[in-house]
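For clarity, chains are labelled A, B, C and D in written order, and residue numbers in each chain start from 1.
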Amino acid sequence: MGPWLSPDELEFVRRKVPMVYVDVVPVRTDERGEVESIGLLLGAQDEGISRFLVSGRVLFHETIREAISRHIEKDLGPMSLPQLPQTVVPFTVAEYFPTPGAEMFDERHHAVSLCYIVPVLGECDPAADTLDVNWFSPGELRTPELQAEMMPSHARILRQVLAYLGLL
Amino acid sequence: MGPWLSPDELEFVRRKVPMVYVDVVPVRTDERGEVESIGLLLGAQDEGISRFLVSGRVLFHETIREAISRHIEKDLGPMSLPQLPQTVVPFTVAEYFPTPGAEMFDERHHAVSLCYIVPVLGECDPAADTLDVNWFSPGELRTPELQAEMMPSHARILRQVLAYLGLL
Amino acid sequence: MGPWLSPDELEFVRRKVPMVYVDVVPVRTDERGEVESIGLLLGAQDEGISRFLVSGRVLFHETIREAISRHIEKDLGPMSLPQLPQTVVPFTVAEYFPTPGAEMFDERHHAVSLCYIVPVLGECDPAADTLDVNWFSPGELRTPELQAEMMPSHARILRQVLAYLGLL
Amino acid sequence: MGPWLSPDELEFVRRKVPMVYVDVVPVRTDERGEVESIGLLLGAQDEGISRFLVSGRVLFHETIREAISRHIEKDLGPMSLPQLPQTVVPFTVAEYFPTPGAEMFDERHHAVSLCYIVPVLGECDPAADTLDVNWFSPGELRTPELQAEMMPSHARILRQVLAYLGLL
């Protein structure tokens, strides 16, 4: 029995326990380490097209590092050259709840998501189910207009990133 | 359908996805905030008597704060007066695996545990299924003898606490 | 020779090396540790009346903890009952420069300030040279109007606090 | 008037205020970001030969990032290709005091040092006043023998690094 879950099993589990997630903020930095731009995925969701972070489940028997690495490769392609963090202590923790009206809403499940900032040095290509990967400067990311194009919960994490990096 | 799981359901879920846990290190501080002692639970486990941290699952629909609070009350009693952290960013993250030989081994499941330091101001009483709560100074906690009385994975978290607090 | 500096000596040192500072954000929390309000000082400065954080120098031979404690007592009075942090790892670091146009401007000096969030349990009284201590909810603190009443550099730290606490 | 201080001025300042320092731990990582080795400088000091971290002052008008970058280049040469952190929040803060018997002793001054972990991708060469740069595995770094070859205060920071990285 491996980490794979049938759709029925996943549906069952999602109504029983919180899921472990990672949310990854891909960044490009200058030679001093200062963040120059942040990458957002563009994709079609139920509510239309929106922008979001690299995000996904931690599988049974998978380490957090492996999950970060797998989701970056899935969403940004195999040539993105991510520089994974030396520690798995997240810069913030996001709690998603399936309760309508929750500050961090996710209709699919209750998820506890560990959030990481990951510099990428290579080329990023959108995966099959995303339309594009776009890079935005801190100035653009601070605008309500761009934040309105994001899933509200991811916009909130983005504001935390900007604040954490001293860019808000 | 609430957060409650039957033993069979819990067993099923534990073989399918990582569990979300919290590990809490109860501390007593002096008036400057410096940690003077750390509380360890004493209890009977399969392998005999050992010492361990306050620890437990985050339930479906439960916030991390609620889980920390509930487990402290369960393990230290209702009069411990915990001072919960202002942020849910953990000081470290522990990854337990059910694989024999894993550095952080837990035969029951794969768990991702968010670890917190929580000062308690009140009286701590052992719960029904623990034998005692004992408080140790940093000097005592640094000894291999005391660490050998702990579950190895919890001894590792303890060393991280001591280092984080500048006490190692 | 003690930590005391004559005005001339302080002036000399301030043009030679960065000063070590602490910025403290006093908070009131609910029983779960969630921040309900943040305290800001109201005082007269060169540019008129504005709001600011508890802030000040770390003296020669003084520990960071002692400096935090001393500045809280100086600015909030002896009955504020601060709960000092268990670790001196700051939630952020602010770099003030005397260069006009600097993002974090302080005409007096170059200062490297370690920033801490400190819950207070007691009564806070304004010190002699401040007019008042006022408490604001996260909702109020998020408004541009209130932030405009603050020193710009302290408003920036405040946004970082709100983001760090998941309140932005 | 620039950041430069004459020896007399530096001596004067050092008896008046705490100095702002950075301590940098250079690391090599595997492709998952896990630390495989840590670099220590070998050099002659008053008490004989010992091992130490990359370390130095933050100058007047210099940012923390610039200081980290300058000290790495000074101690590891121009080809070390450091990957500077995205945030200047340190993983720990070290407080050095000139008081004999202090836990973190530095006869020269009272220093508040912000400590960073910095991955290096390139070649590291010892600078003129160091004898060598040596790389050690976590297993070697945990031994009391190697720690005894280090300045005691730097050995303490090293233990904090190992704990922070989950390697202790």
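Annotations for the structure displayed:
Going forward, a residue touches a chain if its C-beta (ideal position, glycine included) is under 8 Å from a C-beta of that chain, and two chains touch if they have at least 3 such contacts.
Quick caveat, the model's predicted, so the values are computed rather than measured.
The two sequence copies chain B and chain C touch through a face in which the numbers common to both exceed half of the numbers used overall. By number of C-beta pairs in contact, A-B leads when A-B and A-D are compared. Distance between chain A and chain D, defined via averaged C-alpha coordinates, is recorded as 33 Å. Chain B has its Cα centroid 28 Å from the Cα centroid of chain A. Each of residues 88-89, 91-92, 164, 166 in chain B touches at least two other chains.
Taken together, the chain A residues at the contact with chain C in this complex read 92, 156, 159-160, 162-164, 166, 168.
Looking at the complex, you find that chain D touches chain A at residues 27, 29, 31-35, 65-66, 69, 83-89, 91, 117, 119, 164-166. Only residues 1, 5, 9, 12-13, 15-20, 57-64, 88-93, 95, 97, 99, 110, 112, 114 of chain C touch chain D when the two sit together in their complex.
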